[in-house]
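Letters A, B and C name the chains as they come in the text, with residue numbers starting at 1 for each one.
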Amino acid sequence: MDLLSHLALGFETALSPVNVLYCFVGVLLGTMVGVLPGIGPTATIAMLLPITFNFEPVTALIMLAGIYYGAQYGGSTTAILINLPGESSSAVTAIDGYVMARKGRAGPALATAALGSFFAGTVATLILAVAAPPLARIALRFGPPEYFSLIVLGLIASIALAHGSVVKALAMIVLGLLLGMVGQDIYTGTPRFTFGFFELYSGINFVSVAVGVFGVAEILRNLEHETTREVGIRHVSNLWLTKEDFKRVAAPILRGTALGAALGILPGGGHVLSSFASYSLEKRVSRRPQEFGNGAIEGVAGPESANNAAAQTSFIPLLTLGIPAHPVMALIIGAFIIQGITPGPNVINDEPALFWGIIVSMWVGNLMLVLLNLPLIGIWVKMLTIPYNVLFPAIIAFASIGTYSINFNAFDIYAIVVLGVIGYLLVKLGCEPAPLLLGFVLGPLLEEHLRRAMIISRGDPMIFLTRPISAGLLIAAALILIVTILPSVRKKREEVFVEED
Amino acid sequence: MRRLLLAAAALAAMAGAAAAQDYPTKPVTIVVPFSAGGPTDTVTRLVAEPMSKSLGQQIVVQNVAGAGGTLAAGQVARARPDGYTVLMHHIGMSTAPSLYKNLPYDPLKDLQTIGLVTDVPMTIIARKDFPPKTLEELVAYVKENKDKLTYANAGIGAASHLCGLLLMKAIGADVTTVPYQGTGPALTDLVGGQVDFMCDQTTNTTGQIKAGEVKAYAVTTKERLKSLPDLPTADEAGLPGFEVSVWHGLYVPAGTPEPVVQKLNAALQAALKDENVASRFAELGTAPVAAELATPEAHKERLSSQIELWRPIIEAAGVMAK
Amino acid sequence: MPKSVKDLLAGLAFIAFGLAFGYAALGYELGTALRMGPGYFPLVLAGILVALGIGVIVEGMLAGEGGDIGTVPWRGAALILGALVFFGYAVQGLGLAPTLFVTVFLAALASQRTGIPTAALLALALTAFCIAIFVYGLGVTLPLVGPWLPV
């Protein structure tokens, strides 16, 4: 019954007119920056932080949280419409979502993303309310060896991202891993692959990679055929899901929600894996895996749900332990501090109205998002009819300002150019960009956790097998590898012939 | 369009020609070398508000994170010396010359000090089931088990890294370091018991200490903290003379006209007397520096003495970004 | 001879990247498998990438995708990449308004369907739109006119 009184307190807080208003402002802004390529929730929250100084603490945090998960919604819109993921998670959505859009099914893709996200958000918020503290304890049992094994599992599972050649996909992952190594080594301070530029010491910015290999590469691809065929999408079949669609997305949404909610709790890289893991899972359990990469609606439903569930549950370590899971969470910690609240395990007891108010506001915010986004689908789809020669300069403009405003570092823009060229060439040669992005995000984590585990174990590699969680994850990885390699050797060969780019 | 451009150009020219006496005639930017939301960013934003009031101009806080803060410092060192680009930096300003070879600026020559802002205390903490009960026991325990223990830090050049180096020197042991990418993950593994101990700023640790998620041994300042009154100082608890703080200060590019420096300093002095700043700093477990430290001279003195203090320690530890 | 030129080139590209990263990694301390230095992990990855590059070529020989490479929009590519480089180079000095105008103008010309008047119009509209959204809406702290412009 405790839970009920807590939720009542939460509703009372979250439904006060001011909080509802700022929750709305937050999700609206979030959607907006999610949709604009380049600029993401991190940069936006950083810029809006000072505005929240004069708010009540709970209002400030409700708004900032709203920006964060609102951006997760908005990010998938750009991924689906123009093949430009704003976050690593929406890179997966772009694989099938963009193909759907090009086939005139942008409406159903966007609707699926919104409905899946809403369902996932609701479930994950409930999990947060019921079991946040015990889940946070479980998350703490994940140390460097466990994270290393988890990421290995994630990488192996993500071979499924490839719908063409598996070898090429693997090569793209490894190239991504290597690009992720650029910057200062955190163990020795040695700058790697920086050509002596201090600007590269912190590594290549994720947004630069995404805008380069997805955005710029796609624009160049489209310019190839400019004179011979129309690039835009002429016919749009329907805006809403068909009965058949509903049947197809139900199970992926459920599985994605469960997977995402579980991974989101892990602060050391879990939420990054959620959408990739969900996509792999869906492709594996599907009876029509050959449709993945060619506009399978399951490939949008699963990852989008997983991504949003993880976005919500990644608040668990923050709210219960005061530990940030990723940069956005670190900013929100900053907001706590500026508001005079010491982030930490005591927040739940010392500031119950704040804690429960934020949780309930997340559900309210998700409801607002789905109500906001479903009517917007019509407008977004209309945007596709904007002539391409107007659309792509706009993408370039938004991406430049957005990327630059993250760190005010001109190198982030130059990185777009370099990665755009690399991305364009490789895509032209039949490679896919999503695995590269996955490798880029996971590379630093993989190395970091591996080396850290070896330091902690004093150089004993058996640590990965003697710790039960880690051993379990590695066994799962080995099984997936075997299951993938055996049948796929034959099957993939056939697919290669069937598939025309 | 043409007219617009002309008008814009004229406006900009006026601003550029404005004499130092009229400073400031447009918004002043304070560059923070770390991401928004971190301790340095928080300190900056708290001080910026009253400073902007006394300058009569808006202050814009810009986060230029990267390369342990050297990116922002280099950028400000190369900026126009007109007082419109100001840098907030912490102790890292004094360690960068030892940590980074080929640093593209000289902290003492290319930047002009405005004044110190605050000394953020640090705490020595450990996982909650770590056996020693007091700092004295910790010192003995670490010496005895130095090959079995690990201690965390938030990355090369981070405050926790520097404090750890100093602690190892004080204890006289060399325990395996486990570097992390930022305080968040380091604290996560400490709370989860994956590493044994660390030393970090009160801004990050106070909440965990109060909740009993980590065991606290000492604070690294001369006096005990109001926010953690039961925590002894390192000096009284068994490491005589052990004192380290994350000092913050404001800088402008070298060559900035004297009247501008004076005006910025006056604004800083006023901000440090602001009640809101004092109370917010107290919540962070820190306090504004005394008025005599918030001067260009005292700040420069601190900078040069700290550069000399850290050089041998960092060189001995063998960490240098080649 | 591989059936697919695409696969051959892709394989060669991966091998080249692998060799480049591997060569650079050799310059960093390698350490041992138990105590890895900064060069260890990248070197291992670079080796794997070279192997995979060879794998791509072999796969292309056995079951190539076929098809030629197609055209490259040289002019468009040069204009778009040039526009981005210009933005990075000039935004701090010229300020957001003029930089963005030139960037969009150049990018717009990348399309063969866009003439100079249309490009200028588009640049003007997008610059105004972006300033409204980013500077006034989101509070991006970029000067509209930078220090290079005053005489």
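One rule holds in what follows: contacts are C-beta pairs under 8 Å (C-beta built on N, C-alpha and C of every residue); 3 or more make two chains touch, one makes a residue touch a chain.
Quick caveat: nothing in here was measured; it's all calculated off a predicted structure.
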Reference subunit C; chain at largest CA-centroid distance: B
A-B or B-C - the one linked by more C-beta pairs in contact: A-B
Subunit A and subunit C: spacing of chain centres that average the CA atoms, whole Å: 21
Averaged-CA centre spacing for the pair subunit C and subunit B, given as whole angstrom: 35
Centroid spacing, where centroids are CA-atom means, of subunit A and subunit B in whole angstrom: 32
Residue numbers of subunit C (touch at least two other chains): 141
Numbers and ranges of subunit B residues touching at least 2 other chains: 61-62
Touching two or more other chains - residues of subunit A: 47, 187-188, 190, 408, 455
Interface residues, subunit C side, partner subunit B - complex: 95, 97-98, 124, 141, 144-147, 149-151
Touch list for subunit B against partner subunit A, complex: 35-39, 41-42, 45-46, 49, 61-68, 70-71, 74, 99, 102, 104, 150, 155-157, 176, 178-182, 184-185, 187-189, 191-195, 203, 206-208, 210-211, 213, 280, 283-284, 319-322
Complex contacts: residues of subunit B adjacent to subunit C: 1, 5, 8-9, 11-17, 29, 60-62, 80
Residue numbers on subunit A that touch subunit C, as the complex places them: 29, 32-33, 36, 39, 44, 47-48, 51, 164-165, 167-168, 170-171, 174-175, 177-178, 181, 185, 187-188, 190, 192-193, 216, 219-220, 223-224, 226-227, 387-390, 392-394, 396-398, 400-402, 404-405, 408, 410-414, 416-417, 420-421, 424-426, 428-431, 443, 447, 450-451, 454-455, 459-461, 493, 496-497, 501
Touch list for subunit C against partner subunit A, complex: 6-7, 9-10, 13-14, 17, 21, 24-25, 28-29, 33-39, 41-42, 45-46, 48-49, 52-53, 55-56, 59, 63, 65, 67, 69-73, 76-77, 80-81, 83-85, 87-89, 91-92, 96, 100, 103-104, 107-108, 110-114, 119, 122-123, 126-127, 130, 133-134, 138-142
